[in-house]
Every structure is written in C-alpha cells, then in structure tokens.
Amino acid sequence: MSPARRYFAGGSDTTRSSAGAVRYGAGLRTLSVATIAVMTIALALVFFWAPLEAEQGFLQKIFYVHVPLAITALCGFVLGGIFAIAYLRTRDSRWDMRSYVAIHMSLIFGVATLITGSIWAKGSWGHWWVWNEPTLVSFLIVFLLYATYQPLRFAIEDPERQSRYAAVFAITAGAFVPLNFIAVRASSAYLHPRVLGATSNLPWQMALTFLVSLLGIVLLFTTLCKYELTVKHTRMQLRALRRLAERREDVTAGVAPTSRPRSAAPGVHATAMSANPVHPASGPASAERARRPSS
Amino acid sequence: MSATIPGASGAAGGSGHSGGAEAPGGAGAPGASGERTPAERNRRAGAAQPHGRTLAVVRALLRKELLVELRTLESVPGMALFAVTTFVVFHFALNRDSVDGDLAAGILWVTLLFAAILGVNRLFVADADQGGFDAFLLAPVDRSAMLFAKVLTLLAYLFVLELVAVPAFGLLLLGPSLGHALPALIGVLALGDLGIAAIGTLVAALAVQTRARDLLGPLLALPLLVPIVIGGARASSPLLALGHSSGPAVRWLLTLGLYDLVFGLIAFALFDFLLED
Amino acid sequence: MTAVEVEGLARHYGEREALSEVTLSLASGQTLVVFGPNGAGKTTLLRVLATLLRPHAGSVRVLGESLPGDAWAVRGRIGLLAHEPLLYRELTARENLRFHARLHDVADARVRDVLELVGIEHRAEEPLRTLSRGMVQRVAVARAVLHDPELLLLDEPWSNLDPAAVERLEPLIGASSARTRVVCSHDPGNGLAEADLVLGLRAGRVALLEAAADVTAEQIVGLYR
C-alpha cells in the first residue's frame, strides 16, 4: 500500500482531514438568492397581507419573526448535538466544524429570539420580561447554557481534545433542550395560549404567512451557516498550503514548525501532507511523497 | 476474535457491566498450584474482557477517593460549612426569622445546589493534577468504572452535606417542624441528588482539563441543573408548608426521576470520550 | 517475537505534527533508546505505545496487538514510567501501590515484595508528599513493575535517582531486567551503553535509526544541534 493510501485507510481511528471532495461553496449563490427572495415575500405578506389580530393589533406581527427564530434556533442547537455525535463516531473534524457553526449561529438567532420576545412581552404585558411565558423562560436557560460553549472551547488548547469535549457538551446540551422545555412548561402556573400552541387554531392567512416566514428564517440560517463553513474551510486550506510550503524548507533544516494561534473556532485538522483532491497543487506533492521511502 | 470493549475503541459504552465470566483467553493458563504469577495473570486479564472486575475496580476507586478526602478534608467540610453560612446570609438578606412553603423549598434547594457545586469543582482535581487519569487509563479495566466511582463519591459527599444542612435549616430558618415530612423530604432529596451527581460528574470531568476550570464548572452545571431545582423545589414545597403539609406531587417526582435517568444514561455514554486521547 | 512494530506512525497536535512517518521494529527482550531534543516527540511516542494516545495515522502493534483497536488486550502488560510519578501525594506508598494492585488485579503480597525490592518499605506508611523526589521515583518504579509487565516504557528513568538507587533499581527496569524496554534518554554515554537499538527523533521525524553498535556518541550529540 502506498503511504498515501495507508494514511487514509485508518477508518474511524484516523482523524481525517479534508479528504473527501467537499466543496463548501457549492450552491451558496443559489441559496442566498432563494433566501432573499423568500424573506422578501414573507415580509410583504406580514406587512401587507396578513390580517391584524383583534387583541394585540400591529404588535402581534412580531410573532411572525419571533417564533420562527425560536424554532430555528432550537433545531440548530439539536442539530449541533447530532453533528457532534457524527464527529465522535467518525472523528472527522468536518463534523466538528459543522457542529460548531450550527451552535454558534443558533446562539445568535437565540439572542434575536430573546430580543423579539422581550419586545413582544413589553407590548403585550407592559414588562420587558415575563416569567409566565414558559417558552421564553426555557429559552433563556438554554441560551445561558450554550453561551458557555465558546468559552469552553477557548479554554482547551489541544485542538483534538477541544473538538472532543465540545462534542460531549453539544450532545449533553442537545438532549437538555427538550427536557428543559418540558420541565419549565410543567412548572409554569399560567400556560399562555399564545406562541407555539397558538399555531393550531390560526386563520389560514396567518398560518400561511407564518409558514412562509418560517421558511425564510430557516433559509437564512442555512445560508449563513454555509457561508461561515465555506469561509472557515477556505481559510484552513490556505493555511495548510502555506504550512506545506514552509515545511518543505523546514524539514531539511530540522526546525520544528510553529503551532497556530489559539482560537475558539475549530479547524479542520489538515496535516499538510494529506493528498487533498480538491487542490491540484498538492497532487504532485503527494505523489512525490509516495516515491520517497519511509525512513 | 476480540469482542468490542467500551472505551478502548471509543464507541459509546453501552455494553453491560454486570460481573460476567472471563472470556476464554488465548494466553496463559493458571499454574498447577492455582496461584498465578503476575505475568500469567496479566496475559489472562489482557485476554479477557474487563467487565468482570468492574465491581472490584469501582470499590478500589471509591476507597481511594474516600481515603484522599479523609486525609485532605478539602471537599465535604467546606460544602457543609458553606451551606450553614448561606442560611445565615439568607436570614439577613431576606430579613426573615422563619420561612415556609415555596420560600423554604427555594432557599433549601438553592443552598444545596451551590454547596454541591463546590464539591463538583474539586471532584477531579486530584486526578488531573497528580496523574490519576493516566494511572487509571493504563489499567486493564472498564473505563466506566471511574464514572461509577465518581458518581458514588459525589453522592456520598451530598449525603453528608445534607446530614448537616437539613437539620441546620430546620434549626435556623424553617418555620414548621420537619417531623413527619422528613421521610418524604429525604426521598425527594435522594432523587435530586442522583441527578446532581450524574450531571456534576460529567461537567466536572469536562471542566477539569480546561484552563478556567473553577469558572466553567458552575457555568456549565447550573443551567443543566435547573430542572432538578424545579422538580426538587416544587416537590419539597408542600412538605415544608405551614399547617397541614401534604405529600409531594407525583408529577415532580416523575420529572426528577426521568431527568435522572436520561442524564445518567448520557453521562454513561459520553464519559469515555472525556477520558481517552 | 516482535514486541513493538510501528509503521508510518503520525500524531498531530492541531496543525503541528508531533510525530510523522515514524517506523521502527523492536524485538522482544531488546532495549530501544530514544534520543532527541525537547519537543522532538519522544514522550508522544512513548504515550502512543502506552495506549494513552491513539495514532492518527499509520499502524502500531505492541506485543502482537494492534492499537488502538486492541489496546485493551495489552494494557495490563505494559509498564509506564513517566515524568509524573502518577501517584497520589496524600496517600502512602503502600496505599498507592495497593490501589494500583487492585486496578491490575495483583495480589497484596506482591505489593509487599515490590516495596522491598525498591528499598522503600521503611517509609511505606508515610504520605508521599513527605518523601523526597528520589524516593517518590522509587515508588513510581514500583508502580511500573508491580504487575510484572512484558514491556517497559521509561521516560528518563534515571534522572532523579542517586547512584545507590540506580544500582538497586537496575535489575527491575534496567538492561539486566531482561524485559523489552523503550527508554527516552538525554544521556548519550549511558544511554548508548544500555541500548540494542537507537532511535533519534527530531521535530517528530526519524533522524536516526540504527543498531547501537553502529552508532557513535557524536552522532547522538549531533541530533541536539
């Protein structure tokens, strides 16, 4: 077996780098266009078509933003946990990156959820925060939990351990999300008929508007995640190439390469020697390596 | 030929851990006199699955934990003292001589929670600083044994904590007498302790190898423990009520039990990933 | 029988390569001495062989078992003497060793024997934090050989020991112990003397791999420049 083949033959025991031909940038433009289109339609529907609700009036329209944000963020958190499970099974650091981006983006959407929820609360009940809205309350707890994700990652220097511990956290927190909702909902004295429960008896115009809005927010989430993944991935490949160039000079001089600066963001653990099919530049490099006898 | 062993291959540790017979190994048979030399024993132990000795290993780990704690006394006395001091602080902060019902349940659970965090912070420190992880990882044993041992240790700490804190609470702040509500309260506390122990152990293992371990531990643990506080406080509230105190609502006991079960399983499945490298 | 067989071993730390393209083969009963400047990967190699670190690429076979999949089969047959003694400071030597004995399923009588062998039985009932560094190292050696391992992995074993201790412990972990050994060393003179095979690491790569008879001290010193 050539050294290159053997490198990838490790199966689940090997930390694979960008081995597969994954082009993160693919479809990004289509997705962006679709997102903008759907969101524009949604906004139009919200402001010009959906009927005004009797009790709350215009303020109720925040519901079309707040609830999709909440749903998307929650699904994002759980998705982060699922990606983390994939990481632990395969040790492929791309899953770790996806998990990180999903949780990171959900956290941002979570902040937006809390802000919009707060505005709604102020408009409806006169207070910026209310405890009798179980969804909002459980969201706060979930948010507080996931806010520790990045500090946790940043506090671990060993990158492989960082990914592994982050994965354990993501899975634990992902399981926590639904349980927390159940617990808080059970403890709430007043169950407000609004928010999630309300969607079942909505007039069809509102339901349609809501669904379009939900689709728009989900597309926005997906697009932003894809964008972030692409940027990260490209940066990693650039760095790997740079290291490859440096190492070629360093190996003969016997100098140990420097490690990259610490960051909370995960990276694909690409060792420069990997035969990366995405980059034709590294093709000849890996072939040359195959020819060099292993010492 | 080799069966899958949790921990060694990094797969989620789902296989049973009850004492099973050693699989017929490929290597050395016991000597004629029945007394095996260490080398023979090693080959035998290496060839067999480590599950059969898990109980003995957990016992050995537990013994080591309690020995170290007894020598250093760095966890339990601190936890107990913290709890009592906190009750005093509450007296002044709330400006109340006695509390009951919801307020009493809340004060009790919050205090127990923060005292437990103190213990959680120190749970793995000795192992991380003195090479205890390596020593354990080098041994031919089931990695889950450490999880069981640590959970039991934390449970023991919480038990002693409550032994001091609950009477102190009854003395200092609680209006109604505990009396006949005590057995039910003990039951609720036990259920809550199980959850605190499972989550606390997982979070402690997660936090101890990071740089800001004393800060990250509580930050991770507190949100995860909120449902326990919810279940525990709501269940305890009728027990601590003035006048006719009724039993705890079954709903809260179920919440606590379910939460304990789920996170116990999660801790069991994920713990190995925190140990290995 | 080949005790250690490594081929193309790689282990990285993020983007830095701690070990890369390491290949070697060590026969049973022989001693491999590993030289190299700090950060060259000596400790990493030792920890991979000890099953504490999993290889990121390449294949590793220790005592006939492939790592990391069959690591559980060799764990009880390897003894590691690391930089850290891997002992609890608050416990006594005897308590520490008894704890390890239970982990490795070794009889208590063996604990007594080993304490005598390393010459620490007169201080065996005192907490380790009261003992000097050299004595703690003795207890660490005791821990490493307690379960009578077939393979010894030693990280600069003689560094904290006085000549009397060295003499005492030589039959346990030295060349005369007749066990397969992998030793990390910074001492070209003595290291070379006890080696059958010499490995020189630099920046995680193999810079030198020869039978000890074919290696001179100058070559080893050259690794450090």
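Think of it as A, B and C in the order they're written, each chain with its own count starting at 1.
Note that in this section contacts are C-beta pairs under 8 Å (C-beta built on N, C-alpha and C of every residue); 3 or more make two chains touch, one makes a residue touch a chain.
Keep in mind that what you see is a predicted model, and the values were worked out from it rather than measured.
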Identity of the most central chain, Cα criterion: B
Most remote chain, CA-based centroid, reference being subunit C: A
Where subunit B and subunit C are represented by their mean Cα positions, the distance between them in whole Å: 35
Centre-of-Cα separation between subunit B and subunit A, whole angstrom: 32
Euclidean distance of C-alpha centroids - subunit A vs subunit C, Å: 43
Two or more partner chains touched - positions in subunit B: 10, 277
Residue list for subunit A, restricted to those that touch at least two other chains: 160
Residue list for subunit C, restricted to those that touch at least two other chains: 54, 68-69
Touch list for subunit C against partner subunit B, complex: 47, 50-54, 68-78, 80, 82, 84-91, 95, 99-100, 102-106, 110, 127, 143, 146-150
Residues on subunit B engaged by subunit C in the complex (per definition of touch): 2, 5, 7-10, 37-39, 41-43, 45-47, 49-50, 53, 56-57, 59-60, 63-64, 67-68, 71-72, 126, 130-132, 134-141, 276-277
Residues of subunit A touching subunit C in the complex: 3, 6-7, 10, 13-15, 158-160, 239-240, 243, 250-251, 254-260, 267, 269-273, 294-295
Subunit B residues touching subunit A - in the complex, by the definition given at the top: 10, 12, 202, 206-207, 209-213, 216, 219-220, 222-224, 226-227, 230-231, 234, 251, 255, 258-259, 262-263, 266, 270, 273-274, 277
Sites on subunit C touched by subunit A in the complex: 7-8, 10, 12-17, 20-21, 23, 39-40, 54-59, 68-69, 202-207, 209
